[in-house]
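The same chain A turns up in both complexes below, where it pairs with chain B and then with chain C.
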Partner chain A sequence: MTLDVAWAIDWVRRAATAVVEHREELVELDRQIGDGDHGENLTRGFTAVVAKLDALAEPPALVGDVLRLVATTLMSTVGGASGPLYGTAFLRAAKVTGLPALGPDGVVALLEAGLEGIVARGKAVPGEKTMVDAWAPAVAAAVQAAEEGAPASEVLGSAARAAHAGALATIPLVATKGRASYLGERSAGHLDPGARSSDLLLAAAALAAGAQL
Partner chain B sequence: MTREVAAVALVLVSHSRELAQGAAHVAEQMAPGVLVVPAGGTEDGLGTSFARVEEALERAADGGRSVVVLADLGSAVLTTEAVLEMADEELAARVRVADAPFVEGAVAAAVTAHGGGDLAGVLASAQQAGAVFAGSGQGPAPVDPEPAAGEPDVDGAVRGRAVLRNPLGLHARPAAVLARRLAAMDARVTINGVNGASVLELMKLGLVTGDAVEVVARGAAAGDAVALVVGEVEAGFGEV
Partner chain C sequence: MKKLINDPQDVVAESLDGFALVHADLVRLRTDPTFVTRATGPVEGKVGLVSGGGSGHEPLHAGFVGLGMLDAAVPGAVFTSPTPDQIAPAVTAVDGGAGVLTIVKNYTGDVLNFETAAELAEAEGTTVRQVLVNDDVAVEDSLYTAGRRGVAGTLAVEKIAGAAAERGDDLDAVAAVAERVVANVRTMGVALTACTVPHVGRPSFDLPDDEVEIGIGIHGEPGRHRVGLEGADAITEHLLTPVADDLALARGEKVLLLVNGMGGTPLSELYVVYRRARALLGERGVEVTRSLVGSYVTSLEMQGASVTVLRLDDETTALWDAPVHTAALRW
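Up next, the complex of A and B:
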């Protein structure tokens, strides 16, 4: 299937649905090691994104236009750290996806730019129990799948599966970035809420592309 | 009454609307000539708002002013950086984000800006604010009592002494009055051994009514500086 503007819009709508469905889970994860507002914040942000999409007279021309709308809306409505982090990820991704549709390399470019945005803003590296622990393996898996000649939808499927595994792998980690780092050793044994929500967002992208997870 | 507005303005970004406004009030009280714009909270409560920070920055930078931003926790810093990444380059070039304690940094920065400090000076003042507390329990960072080479030696120092009369002692407002006026003078002044141009060091002395204030000044305006301090202390900073 073609990863065009319709795909991007479907991704964003599925992401919003997933965030709302998992709101309580994200709140509970964040309550354990953060300030407990991650589920609420993302719900508010993505609800606003969907309202903006609904208000459009006609769909944008380029994939990047959709991602830019997501970026600016999340940054203005989320309130917590995930706003500028995801906002920057979508903004950087928007800059490299000014195209009507994405092929395998386009998907890789989108994910790489998103990861770079999160790293630039959050200054986290893999292993610090953050969103980066979902995004970094997702990018690595996407690069490998694209090199092996997979179609765009499967590049995204590989990325989403790797993000899920990466999120689960945050459970034993001790946080050294973000609010959870104040807990030190006590942060171990909990799934990182940012890694979990990143897992949900990338799964939504893959499902919108028709990939199997 | 029209006031001259300092060339460097402050933006205070906090998770809490009340915290940003409160810190802005404290800073403004000590440096009335400085534009201090609070940007705290979101429409719904706690958190930081991209739109509010963007608006505050534009207001602070209006008319060509430079801006030092102080931010409290996590998302306040991240949101500020995201705003700067998306801002007009010409505006972003006039803005610096201080790595500084929120309230102390805002106070120190405001006093320096009020005294005519430039962007680098105001930023440095905010960032040095943390150091005042770094050695907590051991008093303020040592201040070199000897003049640097090329300046008048110890014999050239002008000294003065006065006893605090106002009920609250050397609290925030009088400390700010002394610090900003001394900063503008061509003199190096210590008060009870600390830098007289540092509002935070003066406040940390914790001088109360009846305590002695010992002034030592060096430089061209040393005599004026001592007279200023002694005069203000004896007048009770207008509070008696």
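Up next, the complex of A and C:
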């Protein structure tokens, strides 16, 4: 399947649906080790994104145009830490996807740029119980799948499966970045809400591409 | 959840509407984006002071907008930092030509959004300096966390830097005095109960009836450790001792003692805490020369308190004493 503008729009709409469906779960995860606003903030942000998409007279020409709309909307509506983090991720991804459609390398470039954006803003490294723990394995899996000659949709599928595993792997970790870090040892035993929402976003991208998860 | 709200989504906007109506002589509420400025507008040649953060900590920050303190406050959603496109227009709106100092509590979201906003405002031609408040001694080893949080000491930074700006100090000088306050102020808080964020609908954390949480931040997030519910004197010791130790207060030093309520604790109990904290400082030979007791940096309806100590010198004492006229603080 071609990962074109229609795919990007479908991704964003599926992501919004997933965030709304998992709002309570994200709130509860964040309530356990943060301050309980993650599900609410992302719901507010992605609801605004969908409203902007609905208001477009005609679809954008390039994949990056869709991602830039997501970036600016999240930055101006989400607040908290996740607004700038996801906003920067989508903004960086938009810069490398100024194309009508993405091939396997394009998917890798998108994911790498997204991860770079999150790292640049949040300064987290893998193992600190943050969204990086979902994104870093996703990028690694995407790179490997692309090298093995997988089609773009399967590169994305590999990334999403790795993001899901990476999110689950945050459960035993002790947080050293972000709000949960103040809990120290008590943060162990909880799934990181940012890693979980990253998992949901990348799953939405893969499902929109027709990948099996 | 029992609260005097209509729709959880509307709490912040409706609350700000009411606030602006009450204090129409002091503030103007701007919407789209949302921020609060002094009613009188920017003062030509005066450094502008802007702070902000999640809502739910009232009277912080909008309650401190006015003469001798802030020029603008930027409220986010409950317990959520405001966005850059809210903060940047607030910064440029209060630029009287002498630049703007933003006072930011050290929380990841606040830091990220204020940094981005500063870039946007500088692109518009406003010089911006930023001071990070990180007075919370509950965070034991900041090497392994996002660093110490900014809590009730923020009030002292805003008051003293506000007075410096009001007397005409330039941006570097205002930033320097703000940094000096940050370097000399420490806080520790306790929660007796958790609070309930309106859109969550359940308490932020589960706290047994016979335990208190020592070292909370101002978002109701859990803190350093839990101890059994003891008398007020014992709890006050848990709060004051790490604060005084961390400041390394020497005999003969003068301090400001602020006992802050988290929203659900009556003034009478805060005075009980103040009494013990002052006695403990006295035992260390430290003289309390300025005091403030009340609910200034709150966490919705949380029961609890924080104890803040600021080491004073002659200049910061004079700046603390300087006139202030805001909704929540005036003398």
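Keep this in mind: the second predicted complex is superposed on the first by the 213 of 213 C-alpha atoms of A that agree within 3 Å, B and C clash if a C-alpha of one lies under 4 Å from a C-alpha of the other, contacts with A are read in each partner's own complex, and residues count from 1 in each chain.
Criterion: a contact is a pair of C-beta atoms (placed from the backbone, for glycine too) under 8 Å apart; a residue touches a chain by one contact, two chains touch by 3 or more.
What you are looking at is a predicted structure, and each value in this text was computed from that prediction instead of being measured.
Asks: Check chain A with both chain B and chain C modelled on it and let me know: fit or clash.
Replies: On the superposed model, which is not a single observed complex, chain B and chain C clash.
Asks: Taking the superposition as given, does A:Gly114 touch the first partner, chain B, the second, chain C, both, or neither?
Replies: The answer is neither, since A:Gly114 touches no partner chain.
Asks: Quick one: is A:Pro193 in contact with chain B, with chain C, with both, or with neither? Answer first, second, both or neither.
Replies: In the superposition, A:Pro193 touches no partner, neither chain B nor chain C.
Asks: Considering only the touch criterion stated at the top, classify A:Thr176 as touching first (chain B), second (chain C), both, or neither.
Replies: second
Asks: Looking at A:Gly64, would you say it contacts chain B, chain C, both, or neither? Reply first, second, both or neither.
Replies: neither
Asks: Contacts for A:Leu91 in the overlay, against chain B (first) and chain C (second): which applies, first, second, both or neither?
Replies: In the superposed model, A:Leu91 contacts chain B only, not chain C.
Asks: Which partner reaches more residues of chain A, chain B or chain C?
Replies: In the superposed model, C touches more residues of chain A.
Asks: Check the residue A:Pro137 against both partner chains and state whether it touches chain B (first), chain C (second), both, or neither.
Replies: neither
Asks: Is A:Gly36 touching anything from chain B or chain C once the two structures are fitted on A? First, second, both or neither.
Replies: Touch status of A:Gly36: second partner only.
Asks: In the overlay, one of 77-85, 149-157 or 221-229 from chain B clashes with chain C and the rest don't. Which one?
Replies: So the stretch of chain B colliding with chain C after superposition is 77-85.
Asks: Could you list which residues of chain A make contact with chain B in one structure and with chain C in the other?
Replies: Correct list for chain A: 37, 41, 44, 75-81, 83-85, 121-122, 178-179.
Asks: Contact residues on chain A for chain B in the complex?
Replies: By the definition above, chain A touches chain B via 37, 41, 44, 72, 75-81, 83-85, 87-88, 91, 121-122, 178-179.
Asks: Provide the residue numbers of chain B that touch chain A in the complex, in ascending order.
Replies: Per the touch definition, chain B meets chain A at residues 42, 44-51, 73-75, 78-79, 81-82, 85-86.
Asks: What does chain A use to touch chain C in their complex?
Replies: Contact set of chain A toward chain C: 27, 31, 34-37, 40-41, 44, 75-85, 121-122, 176-179, 181-184, 186.
Asks: Write out the stretch or stretches of chain C touching chain A in their complex.
Replies: Listed in rising order, the residues are 54, 76-86, 107-109, 112-113, 116, 138-140, 144-146, 149, 197, 199-200, 202, 204-205, 217, 219-223.
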